[in-house]
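The letters A, B, C, D and E name the chains in turn, as written, and every chain counts its residues from 1.
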Amino acid sequence: MSALLEVRHLTKKFGGLTANRDISFSVKEHEILSVIGPNGAGKSTLFKMISSFLPTTSGEVLYRGERISNLKPHIVARKGVVRTFQETTIFKSMTVRESIIVAQHLRSRASLAGYFWRSKTAQEDIESFGRYADDLLEFLGMSALAGELASNLPQGSLRALGIAIGLATDPKVLLLDEPFAGMNHDETMRMVALVRKVRDDRGVTVLLVEHDMAAVMSISDRIVVLNFGEMIAEGTPQEIQSDDKVIEAYLGSADDEIGM
Amino acid sequence: ENPVLKIGFVGVTSGPAAAWGISNQRSMEARAAWLNELGGYEIGGTTYDIEIVSFDDQKDPKRAIAGMEKMAQENIHYVVGPNVDDGAAAVRPVAEEKGIIYFPYAFPKELYTPPASNAVLGMVANYQSGPAIYEYLRDEKGVKTVAFVAANESDPLSQRDGGVEAAKELGLEVVSSNVTYQVDTTDFTPVITPVIRTQPDLLVLSGVSPAHAPQLIRSARELGFEGIISTETAQDATVLQEGAGDLANGFISVGGASTPEIASDAMKEFVQRYTDMFGEYNDESNTKVYALEYILETLKANPAAIDDVEEFKKTMDTFEAPNPFMEGDAKLRYVGTTSFGQKRQVAVPLVVNVFQDGEFETLFVAEVD
Amino acid sequence: MEQIIANGIYLGAQYAMIALGLTLIFALMNVLNFAHGQMYVLGGFVTYTIYGQLGLPYVVALLASCVTLAVLGALIEKFLFGPVIRRSSREESTMLLAAGLAFLLDAVILLLFGEKQRGVPKIVDGVLNWDFRIIMPYDRILICLLAILSIVAFISFMQFTKTGRALRALAQDRVAAQLMGVNVERYSMIGFALGAMLAGLVGGLLVTITGINLGMGGPTSIKAFMMVMIGGAGVISGAIAGGIILGFMEAIGLAVLSQYGDITYLLIFVSLMIFLAIRPQGLMGKPWG
Amino acid sequence: MTQSLKMLINAVIFLVVLFVAVPVLIAASGRTDFYFTLTSVALLSIASAGVWLMFYIGRINIGQGAFALIGAYVSAILVTKAGMSFWLTLPLAGLFAALVGVLIGVPILRLKGVYFAMISLVLTQVVSLTALALPITNGAKGITSIPLPDELSVLGVTLIPDFATLENSRLAFYYTACILMVLTFAAMYRLVNSRLGHICRSMQQNEELAASIGINIAYVRVIVFAISSFFGGIGGAMFGSIAQSVYPSTFVVTDSVNFMLNCFLGGLGYVFGPMLGTLVLYFGWDLMFELGRFQLLVYSSVLIMLMLVLPNGLLSLKLPRFAGAGK
Amino acid sequence: MSKMLEFHDVELYYDHVYALRGVSIDLDQGETVALIGANGAGKTSILRAITGLARPRTGSIRFEGEEIAGANPADVVARGIAMVPEGRRVFPYMSVKDNLLMGAFTRSDKKDIQQTLDRVLERFPRLKERYSQTAGTLSGGEQQMMVIGRALMAKPRLLLLDEPSLGIAPKLVQDIARSIVSINREEGVSVLLVEQNSRMALSISNRAYALTTGNVVIEGNSKELMTDPRIKAAYLGGEV
């Protein structure tokens, strides 16, 4: 089976600093691929290039064989490659449900003018957005929060909302940047199950960046490891966990005194 | 108690441009207070107390219209102002519709030439004073070349264009006329350097505001300019003295009638009363006291005009009265036939002053027709 | 050429000082202070009254104008901006307040000091004339030096003193600054007072050269906005760079484009817009630093 | 259902007040000077509506004066130099302003926050200076003696009579301005409460996130700016026609700032905010006319007090009738 | 002897959203106490209430016997409480040096400050290498060290840490955990630690409280809690 998404020789320089150097890997359809690496290794930068939020310095990203790097973010989103943000990036003064409705922009069939004139298609769209939002919240187990203002949510729910907004666009590939940050173990595992379910039920391919090793190891089909902007390893969770370079650069060794 | 005769003023008396209108408003108020103190002003057998109704238009043409509407509402038919071209042009429709005669301090000729008939130019226009000054300087001081600077704003720019035209007509060589400055300039040296380079005999500060004149003079002198500097607008001696000191000596500007040589006792008293009332005198005010005087005298000449501006217009053609503010037998009358084809200008004496050690001295006096 | 550089430095130094006060207040409170120009005018009038009218020494007048503005700034922060920022749901709301304040100061200045242009006696006489390559009156040179000195003093203050550090910290992260023990209310007030004081200082310096009048406030604010934009909002170095660049642009523009007078400023504005379109965050676009 | 019924009733009340009650009251009290003031309020609130819309996508627009000036000039030039009917030039003025908005907007709309605010402030000056420098605008001399709006007839049926022949052209201007205002705000209300408004709101809160969900933010920004400029152009053109003259100083930076203040004062969270804000700010000044030299002092103090008491705008008093899209 | 910190029956609301409904916790001199709990349980709110960033509606907060509920944060810091806030919050455009000096804002003895500074730099040698670099350009881990160092600059007797491991690579998390232990042991600073990484939190603390939605549900000795089935199920999960 050929790759759904292909990263080819991606390099990104910020002035003198090389945030990504010659990164190449590919992602198969329905795969969950994690990118890990120390802080500042260039993970978020990589995601931003894939979603065209940043222009590449060199190299390219192909989606179904078509180049998607160096376009506008909304065009890449339109093609089905959607990212979430590392920081909790949400629509602060919208409710959870409103956020999800607006996020279904790509599913709309009426034109902007159509919404203004309230064309028939537009009316139908609006109804379907509402229904879909309720379904999605139900699916994510967030129905209780539907009417809550996003700025009042605690950290963890904010992350979940971020993912929900991403999902509402009906993506083919979802890039999640630290989706489990600020969640405790229990919550993390629930989210892990959810992401898996998203993949299984909706056929979404998932790329994620995460520092929570428990989550990464349990969710990933494959893992790519970056260090100082370079790719130092790629493989299954088992392979990565026992890779000396990765342990040295990132995982560290167990420490009895602090029980880890 | 006397019945009240209301005379309007629409102009800018607050905010950054307040200086434009305040001297206007104050000279009207000072004169009105004086008349009322004398027991009122008699028109057609009735003695009126004069009330000045002022509207602050904030130098905004939109507000100027509102001000004129307000005047109409108050049943006022005679209004002094507005102070600037755009305001004067904007109020024209209202004034004509509501039957108001207004005395703007703005120079666009269309305001005064037919079919317009309700505006009366309240002072000497620059295209009238300019030629007189240039001619004098050409003949008396041997000026051959002239340069112009102006602020990059409507009024000064049109005044500059008028000045350039007049200078050329008189056979003077215009060596520089393109240099302009922003109203917010804080350092005029770079502005004026290229002008000085052209070494004109005469440097004209077109439509210069009292605030900028001393700074421009100072910069020009500091750059070594030795020719004559002049302007067609009124200036304030105190401001010149404070801002440029001795460097302003020899600066030529247009003034009203408070210069000692021609001021009558009435003018001296007016200056005194103004100073008492507002703490300090403004040299621009002596031109601006005339509009009110003209309105009242014309009404006196034809009492029917009190509620009928058509009567007023009829009277204007033949009106003549002694000028209380000037020595000798000067007359108040309407002029402007040459410039506008009808008498729509007050005959203020064109007094050309020269600044010397903190005071203005009269250079020459001329008349406009 | 030399003249252009000299003019550029002179203009740049005074502009930079105006921009510094504005950018400081912006960085600390996120307030676009429309009344900055009016504060500058007020400073000029205070100096005029004390030096020009009462005849006290210039230094006393300058100090008095700094103190007056600092106190005024502190009061404005405490009773106006502080409460509004705390209670309004959108921070832009302070713009209405700032504009109202500009109107108010205009009105107060008019009532207190009148509508006339005022000037003070020259503080030093004479003109430096270097072979007609640089012509500059001594008072301008003096004011320019004083301006540069004040800028250096201000930067050192911000960079090396505890208060300066606290102000910078406050501008970057209010909550974190609070957790360091910075009393946010007090230091916001200090910062605002400092910004206002800078305006007063420039007013006091420039009144000796340009004189002062009511109308100078608004345009000065707009110019200050431009400098802040060029350099990047809320950055010390940006304000200075912006001031100097605008100063030089004017000096060069006026020298080179004098024959096309009417469009010199148009060109300056348009090039500014093009510059910002290319570099939206200004030269050093980043928060306070 | 009751909700929309209530809204309908409110709208009808509003229209009756605007088109019947006000003229009747003015006729009864004889205060005909209010016509012009109210006409101004209507026109300025149209321009302010544009600024409000820019707030809605998170941009502080202090450049509306530029577009009002452009509109005024376009209409004046077309009427005086090309002899066109004013009624034709009115939409053209709006469209031209919108076009300029698009051209300028493409580069500068990338700016945010104070940067956009400040550059838009400079924009007003740029347009004034351009008008001063161009020959077609008559430079400093301005365009004067613009004829009043002429007759508009379709197939021989007079829709709008020639204003010059009217006995009370003030009333005619009042009605025209009010109709334009009602149309503007109806359109705004519709826009804000449609999905487009929802999208604008998402951009106001976070443009990056909006882009990530597939919204073409650059496009929406430019469209909104064009609409805003269109409103500015219409308001300006009408003014030119009332004053029958246009100068480079007809709309200046102060006007741009006032347009913005109108929005703040009314309340940024309410569609009808700019209307109320303009009424209070503009009418307020006229009402304080008696105060003489203390007018500005009192006016600005009241403004500051309002801000202290109601920092979120007048409509935050929660007048349910005007609450619009408020939250 | 009274406890160092007594947080007694505190209720806290944001507008009308309750965050704490009558929470009581305490901490002894020299102790490390961990707060664990789900998202939105109110852990951050507890720290905010202590430092005065949030004002509790009812209840009392005593530090070394004195009431500090509702006090100004500046005063709280001056009393000897320092906090490392959620999300690090460095001063991004200040140098590492200035950031650290900001930590000593409430102190005035220059020599004393210099001593503390030397000790902090000794503890985190990485900061010495980056001494004049702008803090915003530091990596996440370095920033975390810097804000801990910054808090130590205040010479606090009580250190509040809000999720120091958030977004930090596993290897660095271990480094930070070690630092916390040694700060507590060597400098005698009491620590109140909020952590999502419950395993780490329990392993380096003496006692712990588990919270759910504004209430303390479990409290006890960390070692014991580590094996408590309720804790194990909710917060620790199976072995990785």
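Simple rule for what comes next: contacts are C-beta pairs under 8 Å (C-beta built on N, C-alpha and C of every residue); 3 or more make two chains touch, one makes a residue touch a chain.
Note that the structure is a prediction, hence the values are computed from the model and not measured.
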Q: Quickly list, by label, the chains bordering both chain C and chain D.
A: B
Q) From chain D, what is the lowest number of touch steps before chain E is reached? A) 2
Q) Which chain maximises the distance between its CA centroid and that of chain A? A) B
Q) Quick one: which chain's Cα centre is the longest way from chain D's? A) E
Q. If you average the Cα atoms of chain A and of chain C to get two centres, how far apart are those centres in Å?
A. 46
Q | Between chain B and chain A, distance of the C-alpha-averaged centres to the nearest whole Å | A | 72
Q. Whole-Å distance, chain A centre to chain E centre, using C-alpha means?
A. 30
Q. Just curious, how far off is chain C from chain B if you go by their C-alpha centres, in Å?
A. 35
Q) At which residue positions does chain A touch at least two other chains? A) none
(Q) Give me the residue numbers in chain B that touch at least two other chains, ranges are fine. (A) 14-15, 152, 157
Q. Tell me, which pairs of chains are in touch?
A. A-D, A-E, B-C, B-D, C-D, C-E
Q: Over in the complex, which chain C residues touch chain D? Could you list them?
A: 26, 32, 34, 80, 83-84, 87-90, 92-93, 95-97, 99-101, 103-104, 106-108, 110-111, 218, 222, 225-226, 228-229, 233, 262-263, 265-266, 269-270, 272-274, 276-277, 280-282
Q. Tell me, which parts of chain A touch chain D in their complex?
A. 51, 53, 72-74, 77-78, 82-85, 89-94, 98-99, 101-103, 105-106, 108, 112, 115-116, 118, 122, 125-126, 165-166, 168-169
Q) Of all residues in chain C, which touch chain B in the complex? A) 3-4, 7, 10-11, 14, 52, 103, 106-107, 110, 114-122, 127, 129, 135-137, 140, 206, 209-211, 213-220, 222-223, 250-251, 254-255, 258-262, 264-265
Q) Mind pulling up the chain A residues that touch chain E in the complex? A) 37-40, 86, 152-157, 178, 181-187, 189, 211, 213-214, 217, 249-252, 255, 257-260
Q | chain D partner contacts - residues on chain B that touch it in the complex | A | 13-15, 54-56, 58-63, 65-66, 69-70, 72-73, 84-86, 89-90, 92-94, 97, 108, 110-111, 152-158, 161
